[in-house]
Every structure is written in C-alpha cells, then in structure tokens.
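Two complexes come next, and they have one chain in common, chain A, joined by chain B in the first and chain C in the second.
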Partner chain A sequence: MSAKQTKKKSAATAVKHRAKETAATAVKEKKQIAARLIPIYIMGKRYEVPEGLTIMKAMEYAGYILIRGCGCRGGTCGACGTFYRKPGDYKLQVALACQKTVEPDMYIAQIPFFPANRAAYDFAGLTAAPEEVFKLYPELFRCVACNSCTKACPQGIEVMDAISALKQGNITVAAQLSFDCIQCGLCTSRCFGELAQYHMFQLARRIYGARIIPRAEHLAGIVKAVNEGKYDRFLDELKGTKEAELKKLYQEREIEPMAAGEDWKPKDSRYL
Partner chain B sequence: MSYLGYPDFFEPYIKKVEQTRPARVEKRKKGEEFQFMSLQERQDMLKYHPDYKEEGRREIKIGPSKGYRIAHEFVDLLEARSRVDPDKVDLSGVDYETDVLVIGGGGAATVAALIAEENGAQVLMATKLRHGDSNTMMAEGGIQAASKGEKDSPYYHYLDVLGGGHFKNDPDIVAAFVKQAPDALRWLEGLGVMFSKSPDGRLGAMHGGGTCRKRMHYCADLSGMEIMRTVRDEARNRKDIRVLEFSPAVELILNEHGQCAGAVLYNMETEEYLVARAKAVILATGGSGRLHVQGFMTTNHYGATADGIVLGYRAGVPLSFLHTVQYHPTGVVFPEQIEGWLITERFRSEGSDIVNVHGEKFVNEREPRDVESSRFIKECVDGKGVPTPTGKVGVWLDSPMLDILHGEGRVRTAFVGKWKVYDRLGIDISKAPMLVYPTLHYQNGGLKDNAECETALPGLYVSGEVTGGLHGENRLMGNSLMDIVVFGRIAGRNAATFAREKARDGELTLKHVKAYLKELKDAGVVTDRVAPMLLPDYTTSQVKEKQLTVSYLGTLR
Partner chain C sequence: MSLAYYPGCTLKTRARNLEEPAVASMEALGLKLDEVPRWNCCGAVYSLADDDLIHQVAPVRNLIRVKKQGKSELVTLCAFCLNTLKRANLLMKQDVAKRDTLNDFIDEGIDYGGEVKVLHLLEVLRDRIGWEALSRKVKLPLHGLRAAPYYGCTLLRPREIAIDNVENPTVLGDFLRALGAGPVDFPESTRCCGSYQVVSSPGDIAEYARPILNSALSHGAEALVLTCPLCDYNLGRGQKELIKKGSGFKEMPLIYFTQLLALALGLGPQACHFELNHGGPESLLKEKNLLPQTRSVQLIEG
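Take a look at the complex of A and B:
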C-alpha cells in the first residue's frame, strides 16, 4: 500500500482511554521484545521475531499488514494456508499461519489463493448418482494415488482416501472423511492430476446432506404446523404480555433435564 | 518438561481438577445439577460484567442516536471523518450497476444474496475479505429452532430468547424469528448442510445456555463453517450473483428521492474508490470484536470492525442495543497462540464442569452467557482463578469428563475441530482440561430495523450481527446462526421487491456524508480519526517509527 495524504497525530484529541490502550500495547510489545528472538524467512527474507508467536502474528510483528492470507485467525476459514521448509530438510511442511507457532529458520510462503476448477451445477436437479459427480468432475480419474494431497492437508484429512471413495462412487465416505475440510486449497496446489479436491468434496457433502441421510420428518412436521398458523395465537399472546408476567412465565417454564432422552415429554402441552 | 502437554507450572493446578473429577462425574451421572441463579441473583451478578462499567462508555455527540451511551470504541468510529472526501467521488461515473447490492461476505449476506436472486434480482456482493471470511464461518455450537413438536414450540423459543435478552428484545422481531426458524432450518437441510443426525434422520439437539428445551442443532463442532460453505457454494452456482472480493463499502450512496441507491467501494488492492449503483442495498457486515472493546481479547474474524454501523449511522439509521456487547464465557487464556479463541458452549452442554483453582464447581454451566461470564470474572476477582505463567487468570473447563460420561473418544469425535487444534499444540483435551476466560464475542445490538429488515432509510435493508433488537441485551447460543438465515432470507426477499417495485431513478448523492461531517464539526469534534476502520491495526510502534515515508489513514497505510 502506498502513502496517502500526510497527517499528524494530534495528541490533544486523543481521549483518555486511548492513551491507556496505547500504554497497554506498549507494555505488551516490550514483553514480546523480552522474549527470545528467533530468525524466520518470510518468502526467503530474514526477520527476527519473538518465539511463541504464530506465523501470522510473526508476520505482523515484522511489519506486514495482511490483506490476503488472513481471515478468521481461528483455524477454520482456510485463508492462511502456508508451506514451509527447514534448512537441510527436503520435506515440504504445511501449516495454517494462524495456528502454527514459528520455529527457528523456517522458510515460509503463504498460498492465499490458488486457481482451481469448480463446476457449476443445478443442485435441485442432482440425485445421489455417482455418475453426476463423474460428469461434473471427469478429472477425478486423473488421480494417480500419489498421496501428495494428504501430505499437504493442514487439517490432517485423508484426502486421497476421500478421493478414492469418490472414484468408487461412495459419496457418503467422501463426505464424512472430508467433513472438516477448510478449503484452503493446499491439496490442489500439490496435485499431480490437477484435481480440485476441495470443490469435489463440497459437492459430495451437499449431496450426502440433502439426498443420502434421511430428511428430518419431525422438522417437516413443525414447518407444516407453523404454516397452518398453529402457533400464531401463542405468539400474539406473548407479544402482548407485560414484562412482569413474562418473567413469571419464564421462571416457571419447564426445563428439559440434561439427561433426558428423545422420548422426554413436558407435563404442560398447552403451547405445543 | 510438561504435564499433559501444559508447562510444569500447571501440574499442581491440573491435579486438583483430577482429584475432584470422579465425584463430579458421579453427580453428573445421577443427574444432580448445580443450582441455577434466580433472576435477582443474575441481576446482581451482572455488576461484574464489562458492559456495566460506566467509565467504559460515553455519549455520542451527533447523529440519529445522539446522547446514547455506548463503548468508547464505537463512539470513536462514529465521531470520525469519512475515508474519502465526498466531493472527490465522481458519482456520474458508475463502475458497477446492479439491482441489489449486498455489502458483506458472511452468512447473512450470502443467504440474502441467494434469496434476492431467487426473487428475480441481479445481485452484486461486495466483500471486504474473501467471500465467506466471517464470524459465521467460526460459529461452532449450533443453530436453534423448535423442531420437535412433541416437546417444543416457537412459544418456548420465544420465552428463552426474551429471558436471555433481559426481556428488552423487540417482540415483533422475536416472534418473526421463532416462527420462521423451523422453515429456515429445513431450507438449510435441503441445500445439503450436513447436520448431525441419527440414522433415521432425526436431528441431534442439545441444550445451550438459557434454553428450556434441547433445540440446539449442530454439525459436529463446525456448524457455522458447514452452513457458510454450503450457502457460499450455492451462491457460486447462481449466474445472477456476482462477487467482488476485497472491495468493502466505505459509504452508502443515496439518490435525490432519499432512497439508498448504492455504495462507494474501496478496492483494497489497487486502492481505487469505485461507485456501485443499485436499486436496493442490503447491509450485512457483521460484528465488531476487532475493536477490542475495553482491551478484551476476541473470538472474531479479522474483518469484524463495525463498518456497517458506521455506514448506516451516517446515512441516518439509529442504533439499537449497541450498549451491550457479548463476552463469550469460554475463550482460551492459555496456550497463548490461541488466546481469545472460542471454545464452544457445547462442551458445557454435554456435561463438562467449570471449576476454579481448588477444583471446585461454582456455577451451573448453562446460565445465559452474560451471567456465566460475570460469574467467571467474579471467581477470578475473588482470587479463586487459575494463574498462568504469563500473568493471566482463568478457570478450568473440564473436557475429559466427556470421555468418561459418553464413552472414550467422545471429545475427539464430537469436537474434532477443537481436538485437532490443541493436539497441534501438544495438548490432548480428552485427557487435560482447558483454561478459559471471557472473550469478546458478539455485538448484541447494532442498526435499528424491524421484522421486515427495513431501516429508517428506504431501500436499505439490514440483517445479521449488524442489527439490533432480536437478542435484546444478550444473545443466546445458537440464535445468531439462525438469525442470519431467517433475516437474511427476509432481507433478500424484501430488497428484491423494493428494487422491482419501489426504487426510483434519480441523481446519486453523498450529501448525507457532507451533512454528517458538518454536524461533527458543529459539535466541536476535532479529530483525525477515520471510519470505517476496515482492518484492525496490529503493526507495532517500533515498526511505525521507522516507516519514515508512510502515512496512515486510520489503521491502513
């Protein structure tokens, strides 16, 4: 990012709590400085950063403002897939930058985006036939079972096994094995057969969720009751109830015990 | 040296938890529960809550909610200059044309985009980060809807929502919510969301804090991620939904008839400001954890910086319930790498105890979140918290109980996301407890709207965390994931209708921004702050001191 209009910080306008906050940040920074500094190489360039930081925080410590390669900062969004390698070791390692703690001499490269083939489809028109998946993703059969995808998965998913299942038409196994896929794309970046595994898995999970596991009949039942206006009267009654009375209803409402099984029924069924 | 993966420092403390565990497990097995607090006791406990600290807030001096006392961090953004001089924006040069402009890239935005498209609108989504980078993606616990008619109904869901929100919630919004929740859940099921179910298709359901019936449905411990990636996948199938990533809105645009008619977008990579013209706008920018209110750590994603509040407020939309912010009771205190990270309430729903430094239980695990958080803070204030080697304090969440209660492997299978992250740090949470403390989690309030997602500005619809009213002063677990679906659908439908039937052609204007800046000046607010913030500032002062030719506009250089 380039410099924009120049401006000066006016100390006079800084409100008290801001000052406090700055002081707190300063203390925190000092503490970080006090920690042992270790060298890391961000895209080949050496920086010294405090040990104990995640790769992401280390990059910020080094002065990067992240726009790409940073999302949830909690290990679920897949924005910060990262490759790294240690000197003297041929092996390419994978991590999420927001999760992995820096180690001395690691060479780091983030893959914030990877061009991957995604098939568009009309979901309503899909059944659970494996041929539909084959037709949308014929490259599925380019997989040579080299297992590079599995090695590249920061989630530890058995990517190749899930792909094998899909090749065999087993959508259920593919969906279940890939359930905690964060779609970072590292598998795809390493794939010899140029598959976009994570898009294929997404398709498999949706087919499994909507067409293979049975739909919830009890849910369909209550939706029907709502549409027939069954609860309108109760809700109108509640909307017109004064706070004191609402509190009483709230306090007296029957609470399903923690240990109750599926067959538990409340004593009061007037509002069901 | 370490004990169960924790530094040796923790060994005596963890052993205390282990000593009391067998007796606590026995109590669980017998169904003995720790006494819930009465409403009065809950009220008294709230004095420990950060919301109740008067020095943490101040009155806002200008705008439609002038005089409202909210956290300094919000006021700072509302009493701030625009990122761009309104006179410099060429509104005659329109860069993007669309029927419905959706601002935001999370669950509420995506659901709204889908439904607007189904109602015949061309949709443009403008997202700040990637499509899907949002708090929705991070939501773990579950999604509430009364789905089992033999023991639950929207009536009980309504009562629970109100009890959690201190009975201050907007009744119309709550009624619409609980009534449409079952259908919203069924819509997700139809899109292929992999809910945890029994083999016959019955939805798994459990309690959450403040629920009287087990109506928390879930997708293992990755509920939000599963919902987000499914609706995003569907959006990618729709040819009439275009997505502009890394292009947040920095101002709303009005037309001469006083309708919302687009937004000024900022391409964060090329640094251009671009004009998007629309017939209706949906603002679904989410929350604000990255403001770090009162210095608290947060569970929120990188982009949670209250941008939508700023945009809407400048365009004349009042605030509602923004005086309360939710602290999730269980954020990680240690290990530091995952500090602030959320540990889903479901650990407590399934039977993990909360215990203090002596290994004693001191609270029922299913109090509403604000009460639960306050109780944790009190325990630590009273000197019964567990210290860390880095000078922090927390309480134990005794996760290993779940393997004993539900069978070995329970933690690893039902909480696979959490288990893996701890495992990478060398800690097996089916053997060792987790150290937690309240963390900034959810913006209970926001822009005022009604049950149709309409705002004071015609043509502007809002949905999700950016709004206020549904959750009152405190949201219950599982109601935000349902919020984004129910009100995302309503906003999408109504915005498409507005675009088709009510939108008028007319000259575009940013007069409201100029008027706002004048009001700021007239109120004597002299400041170099700019808003929206867009991204938090994590650059150290040491780096900044050496950036001799750089200037910062707000947090960005």
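Take a look at the complex of A and C:
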C-alpha cells in the first residue's frame, strides 16, 4: 500500500484518509503483524490486509478513517451495513462491517446510509388498528413478494414475512419478526417496491409495545412503594457502609439461578 | 380431513366477516381449513403484460409454499385471490420458459410446475360435500330470504379459470337453495362492480353499482350475496353514494355467502361479524327470523 494510494478520496462512503504520517505508522505496524495478508477490494480497489480482521478493521488498516458507517462496533447499532461479492459467485452477500471477518477476494461496499422516508406521526393519537400503518406507509402495498429484503438482512430477519404480516394487519407478528432489526437499511436498498421496511417495523414495534402487549400491572405497585420510601432505609444503610464491607456484600450477593422458576425467592427476603 | 387454505390480506382486516364464518362453518362440516404457513399477498390483480414476470412472483411463491406444506390442493375464499392464484398457476403449467425464470428468481429451492390445484370454497361445497349433503346439515333453513347471487367477474373470467359455466353460472344459486333460501336470478349477476377502476376514477363508483343494484331490486331481491371483498367495497360505497344523490332506493344489505352458510349451519350471528357489512343485514335477517337470539327461532336438531 503506497502513500499515493491512501491519498485517494471517496465521497461515496464519507470516509477520509489518514495523513501521510499515520499511513507511515500503519506500514510500520503491518511489518510487526505475523498474520497472513489476504487481498480484498474496497470499492473496487485492491488492498492486502491481515486475515482475521473484521471488514471495518481492514478498512482502517487500509487507511480509511471512518466518520460515518461505524458506530457501536458491537453489531447492534446498524451503522455499518455492507454488501460484498466474491469472484465466481453471482450471489450478493451482506454483513455488518464490524462483525464479519475478511475473506480473500471479497469485493466490499459499505452502505452507511440509504435514503428512506420516515412518516411523521403523533404517537399519542395512534391506535393498534392495522389502518394506522396503511395510512402512514401506503407504499406497503407495493411489495411484490420478491424476497430481496430478506436476502439482504444481516440479522437474518424474515423481512418479507414481516411486511406480509403488516399487509395482513398483524402488527404483533410484524413486531415480533422484526425484533432483531438494527435499522441498517440494507433491505430498503434492495426493495423492488421502494418500501422503507425498517421504518414500518419501528412503527409496528412501537404500537405493539404501547398498545398491544399487556401492561405489567405489578409495576405500578412497586413504583408506589418506591415513592412512599419503602426502600429509603436500605439505601441509607448502603450509603453508610464502608468500601471493604460493600465489596464483600457485592461478592457474596445471592444471584438468581438461570433456571429459576416463577416462584424463586432469595434467602434474604428483607428487600421484597 | 383438512384442506390447505389461503385467506388473503383483506380477509384478515376489513373482510373478517368473509373469513371467520367460513372457518367456523367448514369445521362444523368436518373439513378443517389449514392456513398455509408464511403466505404473502396473492398479487392483488393478475398482471396482463406478457413480460411483467415480477408481478407473478407473489402468487407463485404462495403456491410453492402450499407444495412445501405437502398439500396438492388450495382453497380460497376471496374471488380475487382465486383469480390471481389460479391464473399464475396456469402460467406455471403452460409456459415452460417463464416457469424456469420464475423458479430461478423465486429461489425457494423447489421447482414448481403448477401442480397445486386451486379451488374456491364454493367448489369444495359443490364437488366434495354436495348440495344434498349440505342441505342435510342445515339447522336453520334460510326460508323466505330472497337473496340474489352476485358473481362479479373474477370467479368466472377468464374462461380457463372459471369455477362454473361462464355465461350461466348456477353455483351460488344452488348453494343458496341448499341452505333453504330462494335465490333471485337477475341479468346483471356477472356484471363488473368496477373493480380497481374506482381507484383511478373514484367518482364512477356509483355508476358501476347502479345497474347491478337496480336489476337485483327490480327482480325482487332483498339482499345481494357476494364472494369478493372488492365487490363488497364498490357496491357498498356505490350504494351509499346513490342514496346520497337522492336516487330514491332503499339500501340493500350485502351479505357474504359464508355468513349465510354459518347462519344456516346454526353457528349463530356471533360467527358472522355483521357489524362489518354494508347495508345492515341484521334487520333483514331479524325480520326473516334468521337470527337465533330473536323470538321463535328454532334450530333443527340432528
């Protein structure tokens, strides 16, 4: 990788390149890494990167500074949706750049952002009627069941089935199927019907959470007890405890077993 | 015994009054409707453009899901779903080149060649159960109900997918007779309700409805019997427009055939969702002593 190469800018993915100095450091670092170098193609340009890196790390290794198209680096924020293909295979593959490790000869393009209109609504006035979704996102009915959205989902969500559920007025199923959606927008980028699936799913989950699933009735009682000062005494006790004693308490605390049943109670029930 | 069943999107929302009485009735008749897993929209309307294969994907995907379910027959209730599914199935049977293109694109790992037989519930009642056997199961005969069978287009056209004689259909009339009603034949029973034309010309909705409703009324019908949610929408809305315009005629109830089936089988109005109907059929049915919670309704035991 030459310094000249790293100077090339790309507006498409909103990345900037390191200064000469940083590039030089990177070359130096590269020498110290024992891992085998493999070729990958970022936006059509060949780079040799150590195997085992994630796509995101590999892009940074190659000299990109990611300003957009990276967020949590933990696979949950949806900022680094990525398409790639490998020679000899017509299939378009998807990944999150922060999760997927590089493979030889991958052709990579990150899609950090894709235009998708989110409907404006006053949630307080929304009911759980299916027509609420139809009115806000009438393009829902442009779906042709091509299933390209499902193929483009890095989270493995049955996107088309969730869209079908919305068309069938089943907000509950749409919310449940789309639960793992991180709103990366790759489905939207591939949609024949020009739907913004992930915005519709967000609306479905909001309606499901606020209007469909039963309320946790016991919560109001607990909140009331907190407000009435039931736990103040225990908090004061803790505040007055010395650090060493606190550590001991923490280490010896009783933990609910993984397989505990509904009727499990701690041995020390003072706080219940 | 169970039959693979395709409901269609509208039957899960606005036309629950078409679906729910059907499901309950078929259970009562000993033929369970087994909903296809993971079905999607039927395609809504069959695309007539020769090279517009993308709009065949939705119906064909459903048929593939039926094959995957291990079933060889599929029952539909909505006349429009029947039409799109059956025509797409025919395409898969008859056009090898398009079949291959569609199978490749749909990518469900299964080669589909039109093996599933698409049926309408009326065909199941006619050919599997039979009118006589059906009439023996009737607990509340619909005596005195002058109901006009309205077919619309999509059960009968085009000819290749018709469930009955295209020019002179009798299946709905025979069905009503088996339930004890007196069907009222009228010449406009296969005239188009306006279909999706009303989307582009909403102002025409009343003029599509006028000749159909006038003809049924002048032949003595008290209610129109339907198989399609789009006919229901167009005739229901059209009728309201006509009344608003001061055409002078009384609103005629529109009733789905499955609602009459459930009533006749003694399942009661609670199975029928009459609150979703156009034209308030409850007062007519009450007048005819066909609602079990009203006085003197006797169910035939047996």
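As a working rule, the second predicted complex is superposed on the first by the 189 of 272 C-alpha atoms of A that agree within 3 Å, B and C clash if a C-alpha of one lies under 4 Å from a C-alpha of the other, contacts with A are read in each partner's own complex, and residues count from 1 in each chain.
Please note the rule applied: contacts are C-beta pairs under 8 Å (C-beta built on N, C-alpha and C of every residue); 3 or more make two chains touch, one makes a residue touch a chain.
Please read these numbers as outputs of a predicted model, since none were measured by experiment.
Residue contacts after overlaying the shared chain place A:M160 against chain C, while chain B stays out of touching range. In the superposition on chain A, A:V144 contacts chain C only, with no contact to chain B.
Once the two complexes are overlaid on the shared chain, A:T127 sits clear of chain B and of chain C alike.
In the superposition on chain A, A:R205 contacts chain B only, with no contact to chain C. More residues of chain A are touched by B (comparison of chain B with chain C). Of all the residues in chain A, the ones that touch chain C in their complex are 130-131, 141, 143-147, 151, 158, 160-161, 164, 167-170, 192. Here chain B touches chain A in the complex through residues 31, 33, 38-39, 55-56, 72, 76, 129-130, 132-134, 137-138, 145-156, 158-159, 162-163, 167, 171-172, 175, 178-180, 182-183, 185-186, 189-195, 197, 199-203, 207, 212-214, 220, 222, 224-226, 229-230, 233-234, 236-237, 239, 246, 268-269, 271, 295, 299, 301-303, 336-338, 341-342, 351, 416-417, 420-421, 424-425, 526-528, 535, 538-543, 547, 549-553, 556-557, going by the rule given at the top.
Chain C contributes residues 7, 9, 12-13, 38-41, 43-44, 54-55, 57-58, 61, 105-107 to its touches with chain A in the complex. The touching residues of chain A, when paired with chain B in their complex, are 1-10, 13, 15, 17-18, 21, 24-26, 29, 32-33, 52-54, 57, 60-63, 65-68, 70-77, 79, 99-101, 118, 120-123, 155-156, 175, 179-180, 182-183, 202-203, 205-211, 213-223, 225-227, 231-232, 234-236, 238-239, 243, 246-247, 249-251, 253-260, 262, 264-266, 271-272.
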